[in-house]
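Order as written gives the chain letters A, B, C and D; numbering starts at 1 within each chain.
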Amino acid sequence: MSIFALSRVKSPWILHYDTGGCNGCDIEILAVLTPRYDVERFGMINRGNPKQADVFLVTGPVTKRCRERLINLYLQVPEPKVVVAVGSCACDGGVFRNMYNVENGVDKVIPVDVYVPGCAARPHQIIDGVVKALEILSKKTKENIELPEYIKERFPSLNDRRKVLEEMRKR
Amino acid sequence: MLKMFLTSVLNLFRKPATHLYPFEPYEPFEDYRGRIVWNEEKCTFCMRCEMVCPPGAIKIMIMEDDTKRWLWNPAQCIYCGECVRNCPFGALTQENQYSPPLDKSNKRDWSEIEREAERLKLLWRERLRKKSQAKKSS
Amino acid sequence: MASESKNKTREIQIKEKVYTTIPFGSQHVALPEPIKFIFDTENEIVKEIKFDIAYVHRGIEKALTTMFDFRKAPYVVGRVCGICSAAHTIPCAVVMERAIGIDREIPDRAKAIRMIALEINRLQSHFLINGHLAEVCGYENVFMHIWRDREMIMDLADMLFGNRVQYDVVCVGGVNRDIPKDKERVLLDKLNEIEKSVEFMEKIFTKDRTLVSRLKGLGVVSKEMALEYGIVGPMARASGVKTDCRVEDDWGLYKDLGFEMVTMEEGDSLARCLVRVRECYESIRIIREAIKSTEEGEISIKVTANPKYEAVCRNEAPRGELFYYVKGTGGIMPDRVRIRTPTLANIPILPEVMKDVSYNDIPPLLMSFDPCIACTGR
Amino acid sequence: MDFLLPASLLVLSPLIGGLLEGTFRKLNARMQNRVGPPIVQPFYDLFKLLQKRPILINNYHVIMAYAHLVAMVIALATFLLGGDFLLVIFFHGMSLALLSMGAYGVRSSYSQVGATRELLHILAVEPVLIMIAANLYLNTGTFLLSEIFNSNFLFKSMPLAFLALVAVLPAKLKKSPFDVSEAHQEIIGGPEIEYSGPFYAPIYLAKWLEEVLSAGLIAMFFLGNPVITLIAISVTFTFVLAVDNSTARLSYWDMVKYTWEISIPLVLVNLVLNYVGVL
């Protein structure tokens, strides 16, 4: 493996967004950074800045108000990127499934690569999930841009989509 | 300030508290609430687990030829163990192993399964009604 | 004409003050939860605050009356908030029992296990927030050390209840999992170690000069203010208001075990922190007493009826008073469920104390309030 | 020969800086009782940043990032090749100023606040460096580093100036208690928040070079025996890291106050003592 391909896997900087879950998984994500689990072994740091992130950890069942913010954050993360849905409610809605203000999971809004089940997801499960996400990340390059369904709906023709991409680049 | 200074300098010579997880195996506690395991032989498809499950992560499909399937969604389960406690025949048990992460290839589309199970259940009820009507008329 | 317009523009210039607007959220490192603040600052001094707490509304109260029967309710409300999950499940179970009319028959052992769950929950929550407070002060090492010790409490919860975050041990009619003798012994052993790390935490928060200089005198809430705004929990106790629902509502055995309230007079961020640290000692003592006072035995009773009365329950969550209201009419689902969370009571005072505070003191001030937005939005 | 060592150090400075940064992170993690990343981690980060899709905000913003790097390289080159010490200070200050100019060029308020704080960093660090330069002139009679490097063990005659340098090192390396311009929990990186991917790489690289420059400044006081020089550098950096791990972040006002109240008087006392002839 060349140094470039290796470095893509070895330095995942994470961005974390809670889309209205119960906080349990968020705290476990924080716990993953602390001495017992210490994911900085893999080069992971919590940058908290979408523009410098590679791995996007999303928790929560996506409430209607968080939806726009989630899409906005997703578009701001530069490729190559992976999205990890952490926790049952981020995967399929969990116990909040079919409540009136939720979207039943992250993959209804943005493309998701890895699902970490568990309520709340254990730190071990999160580490497993991130390791799996890194395998997927090693195959991605900056050319393959995935757009959320929402953007595809709003800009159905290819030309419009190109406009969105240009907008994204300008941003 | 001084205490933390000393602690941090001394920590250089102490063993780190880190558990090197993916390289060192981890064994969860004995009664950790992990995956749900279904024993087909003991199950009578009484649908009690489907009824008590808070998120609706268990679905029982009654196919058109009256064979039954028990489906469980690890990505929606909240691992509360309510189905295990309520199973009258002991067909469900809870392992102490947690679920592995899923990706696009092995994650079920649960909303489709829900819809399908609902449709099959309606058909099943229709069949039951017809059967009982046939019994009555005979 | 010209002079008139000139005057007008001058007037406008005087009226409009130019502030630097700093957004805080809904995604920010200092706070993992989605809450949005907009600070209008001048020279990094906050002048105006707008905030928005409703990013996490999921509609749990509505769902409890339309989607889940009352037996599932404790499992659902545990997911209102992951940090104080046990604090939510207990009053929910109690309020359902009261609505059915069986709350007098709950066995003592079940009450004791509920108390242990709540106190372990409180311990981990207090460790969490104090560690996080150090982190947002830029003191990463203390954060790492406190969270390293917090893992012991998480392990205890993992061992006793089978999960680190969602205990799911409380059900309507009692609890669904007993604590056997050998686990009790491990629990008592671990409590000694936890007590040591609480001592470490107390030493840091009282002795460390940089941390104390950051927190002392920051966001002072006087006793009058606390009473006027009706704030609850450790925040109120840090201002000298004697309020604690553990002794005001009798779902547990707190009165029998001799409960002591921790209060301080200063009312600043440091006092709020220290109240939490000192409550940890009290929690450890209560767990020990609870184990000692009860023997193994009946842990739950059979529930046959549906909720048919109107009932309330108050519980002391790690963040303050948690209030549950249920109105049942004999159906399998209650007619009305209302949850009032502690953070909702504590938020109105935020703009008051945040005014004229430097922006670099905002994250510690906010975290010392211990906001739980998942509770507030539901 | 005189030219070969500084030139090779200059060429190797990204490598040395990366390893230094990696060691910092490892030591930091060990002080926090955890394992931490491998020592080559900064190189992984840099190469990853180069492969990300560029998100351009405006040209000015990006040009300033590269200008920041170039100014830092010039400062380091002047230092290593034995130029004028005042020129080193000038280019070092200029590179920080360029970074904050770039940060002012975007609309993000975190970036703007960070840029203002970055300027305060210059205000805190540069006066002390200039005072040290004056002190050096008093001792060696020149501002030219090539001649200063010939002097043996400067620490003997200016220990207080060295203490002043150690006192401003946290502000220079953006470590706690004076990491106000980065302030990860308040303004999420400050001036560098809007840089992403390949545009963030020059800033990331400049950070390493700044560490090399700081190491050089420390080494300046302990020249003569290479072993003593290395020990001095490592002890000083470990001390700075331990201080980083045992203090909370103070406000930007405190930063300027402490550096001015402690460091500048220290150098002044040293100056006076040198002038009188005690040291």
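Following the convention adopted for this analysis, contacts are C-beta pairs under 8 Å (C-beta built on N, C-alpha and C of every residue); 3 or more make two chains touch, one makes a residue touch a chain.
Not measured: the values here are computed from a predicted model.
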Between the pairs A-B and B-C, the one where more C-beta pairs touch: A-B
Chain A-chain B separation of Cα centroids, rounded to whole Å: 24
Gap in Å, rounded to a whole number, between the CA centres of chain C and chain B: 30
Inter-centroid spacing, chain D versus chain A (mean Cα positions, whole Å): 35
Separation of mean Cα positions, chain D and chain B [Å, integer]: 55
Overlap residues in chain D, where contacts from two or more other chains coincide: 29, 31-36, 184, 188, 245-247
Numbers and ranges of chain A residues touching at least 2 other chains: 34-36, 38, 41, 47-48, 94-95, 119, 122
Multi-chain contact sites of chain B, meaning residues that touch two or more partners: 1, 3-4, 7-8, 16-18, 20, 54, 78-80
Pairwise touch network: line, ring, star, complete, or other: complete
In the complex, chain D residues that touch chain A: 25, 29, 32-38, 41, 43-48, 50-57, 184, 188-189, 193-197, 200
Chain C residues within the chain A interface of the complex: 26-29, 32-34, 54-60, 62-63, 67, 75-76, 78-83, 85, 128, 132, 143-145, 147-148, 150-151, 154, 163-166, 372, 374, 377
Residue numbers on chain B that touch chain C, as the complex places them: 1, 3-4, 7-8, 17, 28-29, 31-33, 52, 54, 78-82, 85
Contact footprint of chain D on chain A as seen in their complex: 3-4, 6-8, 10-11, 13, 34-35, 38, 40-43, 47-49, 51-52, 54, 76, 78-80, 141-142, 145, 168-171
Sites on chain B touched by chain A in the complex: 16-22, 26, 54-56, 73-80, 98-104, 107, 110-111
